[in-house]
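As structure tokens, here come the structures.
In the two complexes that follow, chain A is the common piece, with chain B as its partner first and chain C second.
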Partner chain A sequence: MMRVAQNNAWVLGLLLLLLALLGVTKLIQPGFGATGLESLARAALPFAFATAGMAIVVIAGGIDLSIASIMAVCGVTAAVLMQSMGAVPAVVLTLCLGAVMGAINGGLIVLTRVPDIVVTLAMLFVWEGVALLILSSPGGVVAPGLRALITGSLVPYVPNALLVIAVTISLVWLPVRRARLGLSIYAIGSDDLAAFRSGVNVGLTKVIAYGLAGVLAAMGGLSLIMLTGIGEPVPGPYLLASVAAVVLGGVVLGGGRGGLLGPIIAVFVLRIIRTILTLAAVDPNVTTIVEGVIMVAVVMLGAVVTYRGVRT
Partner chain B sequence: MVETDQTYLLDATGVAKSFGAVRALTEASLQVAAGQVVALMGANGAGKSTFVKILTGALRPDSGRVLIRGNVARVGSPAEARRSGVVPVYQEPSLIPDLDVADNLRLGATPVEPFRHWVAELGIKALRLDHMIGDLPLATLRILDLARALAAQPDVLLLDEMTAALPTDLVERVLKVVRGQADEGRGVIYISHRFTEIAELCDSATVLRDGRTVGAVKIEPGVEDRVVEMMLGAKLDLGAAAGRVAPIAQGIPRLRLRGLEIVPKVSDVTFDLHAGEVLGVVALEGQGQDEVFDVLAGFRRATGGTLEVDGTAASFGHPADAIAAGLTFVPGDRAAALLRQRSVRENIALPFSARIRDWGPLRARHERARVNHAIEKLQIDTRAQGEVQRLSGGNQQKVTIGRWLAHGVRTLLLFDPTRGIDVRTKRQIYPLVRELAEQGAAVLFYTSELEEIPLACDRVVVIFNGRVVDILDAAGATEAVLMRAAYGLTAERAAS
Partner chain C sequence: MSDMRIHADATRAAPLVRFGRYLADNPVIPLIAFLLLLIVVLEVMRPGIVLPVRVGRAEVISSFWVGNLIKFAIPLAMLAACQVLTMLTAGIDLSAGVVATCAAYVCATLTPVLANGTGMDASTAMVASVAIALLVGALVGLLNGFGVGVVRVHPLIMTLGTGLIATGCLQVYQRFVISTGTMIPPFLEWLGTGRTFGMPNGLFLFVPFALFVLGLMRFTGFGRLLFALGSNAQAAKLSGVRSWQVLMTLYTLSGMIAALTGLLYLGMIRTPSLSLANPLMLPSVAAAVIGGTSIFGGRGSFAGAIVGALILRVIDTMLTLLQMPEGARIALFGLIILLVTALYVRITGTR
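So, the complex of A and B:
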């Protein structure tokens, strides 16, 4: 029991921080309730998916700078496909496309042995161009049923958007996490030589990790068009936001440590800080400064606490 | 060869492997029969590690064949080698630091119960499967590695320097278990620098030299000399030692080490280094010499014993402290010491601007004269002087040493400066080292090439298993004498 608490101390801490911030929001704006929660969750959805995808890649010891561009490609593809086919086949095709794009990223890294950061930086531009080829200006359609999917709350105080991400993560990540593949992903991120010597197929594992990130990025793209109702070919601000949430969520940038829950909670923490500062009528320029300071402070505090924990 | 008319568990013949222009292995062979423990031996750079990597599937050979149980083995990865029955325990732990013990077992599909059995058998009590690997001490990790390999029930077990990081009680256990494995009909390949262990455990020894198997011998009393001879072979003569008179050691030594201890590798290192002297250090890989140099260079602190510099006690917490005390470290890895994109001239002049009070305008004339002198000494082709990275490895190393000619140095710590350098350049490096000593510097010179000792050094200390086992006059130190000492043979004789 102690051990479970110890291993998940970071996630628990973030959860407490999130609850505290929700309390602060309620204090500043007494009207904040189910509706506020619902719109917060909805707005955070694309960020949450981008972050989940990034987290998998970072755990595997890489980084995917092209994640926002993959989201854009998937978003416009789905919006275009839905002009001529039903929502379900369009979504399935889009998810496959995301997996393929992620696998291409991973495959290039493994085959060329060029560092992850360089390959995915290059692919950032490639996918960006692809998105503009598919749709040169915002357009396409989104099935109304899909839009309804992420709106409202089936269960009181539990927004549907939250359920969407919970279901996706439990379908995409949990089976992997519980299988040997999940261990392999952690292993190659932790020490790829030791993983190789333990009999892990390092290259294949890396490709799969990037493929999974691609699927989650595709979900991010889909959730974005569900939010806006239109395909947008220019990538949004999801790259740096996802890296920030991954770090804040307790995933070590060197790989091998952390999970998906922490980063997703971190997304909500970062979103709600922004909400609070907006509600408190703080200068938007100051807002970003505060966000940056909080990130450094939390990660530093976490490092100090973990270090103490190891020592005692 | 020892035996010929039977099917070996593992039979490698004519294995060759090149890395670019470097031929690491030319014709390596090794046979292991059931029930046998075979020692694989060779001096540093003989090709042992490359051979191990090929046998375990981490590298593919250019040519040659590896038979396992008489079948041609296509081992393309450690996983395949494992399936075909060859299970290695590598020199460094190969467990994933961020996973716990149970997950590491799942990763390699290792059955848990046999693993637990072997861990207990090997003398580790109270191991919990939910311990993170990263939190466990090195010795425990080595045991876990071995237990994992044993649990896989290998046909052939390959142990690479398994006992290097282990305390003696665990070594005893390991040897007993490994012997038991052989008695059950498995084959074992045992790589170690320790003759005592080999004598206790092994049936025969296969000796590698310069990438080729030079023979296999049965282990019997007195075989050490023959193995040492085989490892050395006939060497190219590097030129006779210059007729030097060893300076008489007197006055306060520049460096005075007394019972230096660095847990876990170094237990007792004691020697004096005087001004004007080149003191050689001879040791096999991983006997604690790296740690001793780390302490002298200020990268880490000693855990016991005393270090005196010019008669005052010293303990360096940072490389800057060591440099301030006049100790200059030249690493074996040239890339770590040079600005690769800058010119030879700048690299040599660099120490002139290392101190903050030297950050003003360059004192051009004074500097240029000394730099010119150094460049002349270095005999570097001037056409390639624009960027250090365009120089050959040997010439780069000359720059790392030569810069101290221009700058002046009190105590120079050279760590294997001639590794991977051609014979001609080597011969230019020894006079550089000698000249530094004649200028009054004290030089500590670790080298993995034994034949260099009489050429560059006045005296030589031999480190084995973390302690100084011998201090010899360099002039009379032949390779055979040094090799025997480096393998701890003289010390054992004296003790027994």
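So, the complex of A and C:
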């Protein structure tokens, strides 16, 4: 028990922070309850998926700057597809598309041997352009059934949106994490040369890691159009937010350490801070500053803590 | 790491490999060749755009076209200087675009405020607002330097964070000055839009600036410290380099360069907005990378980045000429960046 707590100290701390912040919200607005929680979870949905995808790539020692653009492509594709076919095939196709786009990112990194950050920077433009080619202005439709999926709460106090995140992550990440592949992903993130010499297929693992991130980004794009009901070709602010949440969630840039739970809790922490500031009638522009300061401060704190840990 | 070995058997290597190594040592040469190739392609696509003599006009080379190319490449190249310098130490400055925007906005709005509010005469107000704009850049840079150098936050995160904070501050600041109107100091306008002998006046700022950066990297101790820290931070520290001092200075300098770019860009575009220079941000990274700067530190050249900026602008012109839908243009832009870097990595065998 103690060992588990020690190993997951960062995640536990985040969870406590989240609970404390929920308490603060309740203090500021006594009416904050199931509905407030529900809208919070719903708004956090695209951020959570973007962050989860980014977290996998960062664990594998890379970074995917194109994640927001992939979300945009998947969003518009789904919105266009739903004009002519049912929701289920459209969603399946979109998820496949996300996987393919992620795998293309990974494949290009492996093939060209150009650093991840440069390749995904270039692909950021490529995917953004593709999204604009598919749909040059916001449009398309979203099946009403899908929108109902993320609204409301089946179980009291557990919003459906939260369930969607939990189910998706457990379907996509848990089997991988338990399998050899998960170990390989952590291995190439820690030290790709050592991983290679232990018999890990570094290239393939990297492609799969980016593919998984693509699937999650596709989920992000889908949840985005479920929220807004329309396909939007211009990428949202998900790149910055996901990097922030990944780092806040205890995943080390450079790879090999961290999980997916921390980053997702971090997403909620960041979203709830926004809610609190809105409830406290703080100027939304100040909110941006506060978010930035929190992100920088937390990362600084984390850096100091790890640095001290290494020295002693 | 394996440099010694490479140089030792360079004499015995195959000609192609030797050629590759030669290019790796002089990254600017293949880049200039590529730039010329692109210009030839452009001329073939639209005869007369570069060589008006072919369509019967008097000039041999269109000074208008060349001037325009240089004019729009200057801000990109200046912002790329931030990336080259920080990348030398294995860092990156993603706040540069925001800093440039902030500096431009602050300068444009403070000029009338200072002139009307405090009773300064117009020229003093302009100088003061330019100084304050540069100070803003230095301040953000100092914060970056503190985070990266002292607290050891990853530069990517630190500069993204300060960029976010600066954007927020700018939005809040905007609400205080929304009624004052804007004014662009005439000398910035002269620098940004004027021409002398067909060449943009921005060169009056850029040539000394480029010489400064090139000299800084090649001939000063500070420049060598940057290379040393990027090649092997541990070894540099053991040799007595105080890395935090170097990094603080570096990021402050980078912030000031970004602010200067913003001021020039303000004179060029002449309408301050809250996202003025932000679109230059990612292309500036691309220009630095195309120019042969390694994001892993220890290797880079500003001359390459200047050519990189020119290449990006020529590609921009080509894609505009093709009259493609905007989406295809953006996508092709990304693909070309990837292609150029991939080729570069392949030919020179470095990353």
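Basically, the second predicted complex is superposed on the first by the 299 of 312 C-alpha atoms of A that agree within 3 Å, B and C clash if a C-alpha of one lies under 4 Å from a C-alpha of the other, contacts with A are read in each partner's own complex, and residues count from 1 in each chain.
Rule of thumb we're sticking to: a residue touches a chain if its C-beta (ideal position, glycine included) is under 8 Å from a C-beta of that chain, and two chains touch if they have at least 3 such contacts.
Just so you know, these numbers come straight off a predicted model, no measurement behind them.
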item: First, second, both or neither for A:197, with chain B first and chain C second; value: first
item: Chain A: partner with more touched residues, chain B or chain C; value: C
item: Chain B versus chain C as contact partner of A:189, first or second or both or neither; value: first
item: Chain B versus chain C as contact partner of A:293, first or second or both or neither; value: second
item: Touching partner for A:243 - first (chain B), second (chain C), both, neither; value: second
item: First (chain B), second (chain C), both or neither touched by A:180; value: first
item: Touching partner for A:124 - first (chain B), second (chain C), both, neither; value: second
item: Chain B versus chain C as contact partner of A:256, first or second or both or neither; value: first
item: First, second, both or neither for A:115, with chain B first and chain C second; value: second
item: Of chain A, residues touching chain C in the complex; value: 63, 108, 112-115, 117-119, 121-134, 136, 233, 240, 243-244, 247, 253-254, 283, 285-293, 295-296, 299-300, 303-304, 307
item: Of all residues in chain A, those that touch chain B in their complex; value: 3, 180, 183-184, 186-187, 189-191, 193-201, 256-257, 310
item: Of all residues in chain C, those that touch chain A in their complex; value: 92, 147, 151-154, 156-158, 160-169, 171-172, 175, 282, 285-286, 289, 295-296, 325-335, 337-338, 341-342, 345-346, 351
item: Residue ranges of chain B in contact with chain A within the complex; value: 58, 77-79, 82, 88, 90, 93-99, 103-104, 106-109, 130, 135
